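Labels A, B, C and D are assigned to the chains in the order they are written; within every chain, residues are numbered from 1.
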Amino acid sequence: MPTEIRVLEKPKLNAPVFIEGLPGIGYVGRNAAGYLIEELKAKKFAEIYSNHFPPVVLLDPKKTGLMMPIKNELYYRKAKNKDQKDMIILIGDSQSMDPEGHYVIANKIAEFLKKYNVSQIITIGGFATGQIIEKRMPKVYGAATDEKEIKIFEKHGVKFKDTNIGQIIGASGMIVVEGKKQGIPGVCLMGETSGMLLSDPKATESVLVVIAKYLKIKVDMAKLEQRVKDIEKVIKKIEDLQARMVSGAKEGSNDEHLGYIG
Amino acid sequence: MPTEIRVLEKPKLNAPVFIEGLPGIGYVGRNAAGYLIEELKAKKFAEIYSNHFPPVVLLDPKKTGLMMPIKNELYYRKAKNKDQKDMIILIGDSQSMDPEGHYVIANKIAEFLKKYNVSQIITIGGFATGQIIEKRMPKVYGAATDEKEIKIFEKHGVKFKDTNIGQIIGASGMIVVEGKKQGIPGVCLMGETSGMLLSDPKATESVLVVIAKYLKIKVDMAKLEQRVKDIEKVIKKIEDLQARMVSGAKEGSNDEHLGYIG
Amino acid sequence: MPTEIRVLEKPKLNAPVFIEGLPGIGYVGRNAAGYLIEELKAKKFAEIYSNHFPPVVLLDPKKTGLMMPIKNELYYRKAKNKDQKDMIILIGDSQSMDPEGHYVIANKIAEFLKKYNVSQIITIGGFATGQIIEKRMPKVYGAATDEKEIKIFEKHGVKFKDTNIGQIIGASGMIVVEGKKQGIPGVCLMGETSGMLLSDPKATESVLVVIAKYLKIKVDMAKLEQRVKDIEKVIKKIEDLQARMVSGAKEGSNDEHLGYIG
Amino acid sequence: MPTEIRVLEKPKLNAPVFIEGLPGIGYVGRNAAGYLIEELKAKKFAEIYSNHFPPVVLLDPKKTGLMMPIKNELYYRKAKNKDQKDMIILIGDSQSMDPEGHYVIANKIAEFLKKYNVSQIITIGGFATGQIIEKRMPKVYGAATDEKEIKIFEKHGVKFKDTNIGQIIGASGMIVVEGKKQGIPGVCLMGETSGMLLSDPKATESVLVVIAKYLKIKVDMAKLEQRVKDIEKVIKKIEDLQARMVSGAKEGSNDEHLGYIG
């Protein structure tokens, strides 16, 4: 069972909106999803395991000595009033390590979303401009499967047309496209970031503002910047790790700086 | 379903000739196929998806914000008179990213062609000489599965014998060879190009002239050069992308120049 | 059958403890497992073969000219008194060469352990600090799946909390985590090593002392240092080999220093 | 069908000896097998195709313009008198490009040999010493699955004991080991070569002399040196090709020196 979704609970959801936030440029997606889960008190109902993740065990960042397998996680949050929608949120430690795995995992997720009658897919990423962004609120760029999606998010200030974005690499793009094959419309929202920050709170906030408005949820941004800083250290280690894995580093090799273990 | 041909329409074709033009040296194949499809008003009837393509979503080059999955496409064009033949044309965004995928995809295509009773396979590529080609019409080199094919195309000026070509890498070769296993004779036509041009209109024209004569179709070359220039920008982005993917670059990594998205 | 466990004998074991020691940092795991097998006169009962091991045949290090396939091996040792526990020990020539193989092999092993009703998994690795360790007995660091395991080994001086270990790469981590999925609690014990020694007898001894105390077995350390030195030469060759394989070296290539054969 | 043996003829063979000679160090194996096939007028009866070979089509080295798929080939030769044995000889364009493929292909071949009731496996390789070999006849080194095989070939001057050979990479080792799993004893004969020659006729001759004596066949070495030189050019191209493929070169990329085609 190379890629597997383990269901812990089967919530009854009403045409939920799906939101994805996995590690990527500026950790915009991961940070946004993490913040949403925390602020909305979303509940975990499934875990995704895959042979395409790095062959690594993470230790609890709280330094308790507990081992945690690499995984992605699915949370849900039910609407609190008529204006809101039920939500499914995807967060995780890692994307696929290899090209083929991106197809396999995105397809598995899309099939799962279809079963839950998901009505819309929103993926979150970062768009790296290579330039320091001075302004308070970075732009949000978008790409979508349908004109209708574009119109919806243009109303919330997302820029879709005449951007310089040529392609979207990895999960944020693949999940939307695989979802579309299942008949689910989707959009990818990308927070403008310099690309020089490991983890960019401003870009994250820009995207969260759009999502909060669109989904009519309240998200208090006060704790965002601190939270983003807190997880930077964890991210740093994972990033370094993945870079070495992908470049074909030998397992169990000695690394003086990070103290990896074989 | 790692590699899949999605049939949109089932045209009735009479022993069609198959023409392949995927991205490769000088984009000779891709440009030739694209021009044929446009000039002949060929109609799309199937799409090919594969886990072996890059795990990337392309954005509409017209900058509308619409997302397009990486795919190959099959078009058909029925003969307009007794001299012509029915045709199937293959075009696409990408070849396989990994060695094994070339076998998988070529085999899938060959089996599909067999079902459509294809009578002949013509693949199009570029042959990079490493030297600037001054002459108006670059040569067309060939390689084939059968002596009969060689004779047919030698009549149209294609050079098969005593070339310095030792091997053909990728789809242009693999599809011919897999087709031969299905009993379909085939030829690979290669336009001479310096190898320094990203996209070489002259080499493309040379091959198109041979094909037009052989298939007794009219192809107006007037718009070719402009069209080739128009798609250079798109090609450039895809090329850069593939180079990084193959060299094991991390998904979602920051790239200052191209602004990739994670 | 890409990854296969060949059972040579079916011993009846009573809720055995499983101990893993494969090649890794400082060869701590491999050396510890080898020493345990020898000292306890453990008996081989199964062999593991996998397509994910290097495509190489080893020659008998005693220079007899006999060929030995790359494999992992499972040994058992029955308790000699009421205080002891039955044991299964894993040792081997190599870990997986590719990321996906780590998942495949660890999963296969975990399923096998479940069948043998294994009660606890102990994996052994090295933790490279990058600094020369002057003290006689290096520390032993730990990570575990459960608080209960942490408490057990903290009593024996293993440090779990507030370490700088962020992740565990390869078999030592993967087998614990896959075992946990099968309901078996586990711990990874890591001997502190500089990371500069190919094979570190002191780190090995530190871990062996913990295991011997915990399992109430007698292990005479007198021969350890000599034994570790003896196998360094063999290790050196395998290490070099794996480094080249992973970095994509061509099979059968010429290597002046090691005299590899094609 | 990723790896497939296509049987062209089903010869009745009496407990044949199997001889392997694929490209490797000094092309000793490939040259020896090619010379045996020619001298003994062995007849092709099967072809091996695999997704693990390079995704490339070769052009006929006679420069006819004909395309030839990458393959391995099986020949047979029936005994001419009571002293001789029936033989199966494996030759080919390439070994597997990836580590896993070595396992897959060797296993496929071993199962095939079992069906043909093969009594012994002899694989041929080169052992690169890194030093110019001045003497007329280079040594032949050996490694085997059984003491019995060692004794047989020691009588013919092959050196098995106290060599510096630590491992055998690729097909020459893997086929012997996979054959042994099928119950067939095997030996790997390695001609001593400097490792600096692309293709070493002397090392090839040394191995051929051993095989000819052992199998009581007559092999006229007169044409060997010329023949080896003739195929050097072809080899050169394949070698360069494989080096690039393995190092992750993009398909269809431009190469000024070799004129590859996309």
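Basically, a contact is a pair of C-beta atoms (placed from the backbone, for glycine too) under 8 Å apart; a residue touches a chain by one contact, two chains touch by 3 or more.
Everything numeric in this text was worked out from a predicted model, so none of it was measured.
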Both-way neighbours, i.e. chains that touch chain C and touch chain B: A, D
Angular offset of chain A relative to chain C [C-alpha, multiple of 5 degrees]: 90
Same-site or different-site touching of chain A by its copy chain B, using the half cut: different
Farthest chain (mean CA position) relative to chain A: D
Centre-to-centre distance between chain D and chain C (centres being mean Cα positions), rounded to whole Å: 36
Centre-to-centre distance between chain D and chain A (centres being mean Cα positions), rounded to whole Å: 51
Residues of chain B touching at least two other chains: 248
Chain-chain contacts as defined at top: A-B, A-C, B-D, C-D
Chain B - residues contacting chain A, complex: 2, 51-52, 54-59, 63-67, 69, 97-98, 234, 237-238, 241, 245, 248-262
Chain D-touching residues of chain B, taken from the complex the two chains share: 23-26, 29, 95-96, 99-104, 125-130, 142-147, 150, 160-174, 176-177, 180-181, 186, 188, 190, 195-196, 242-243, 246-248
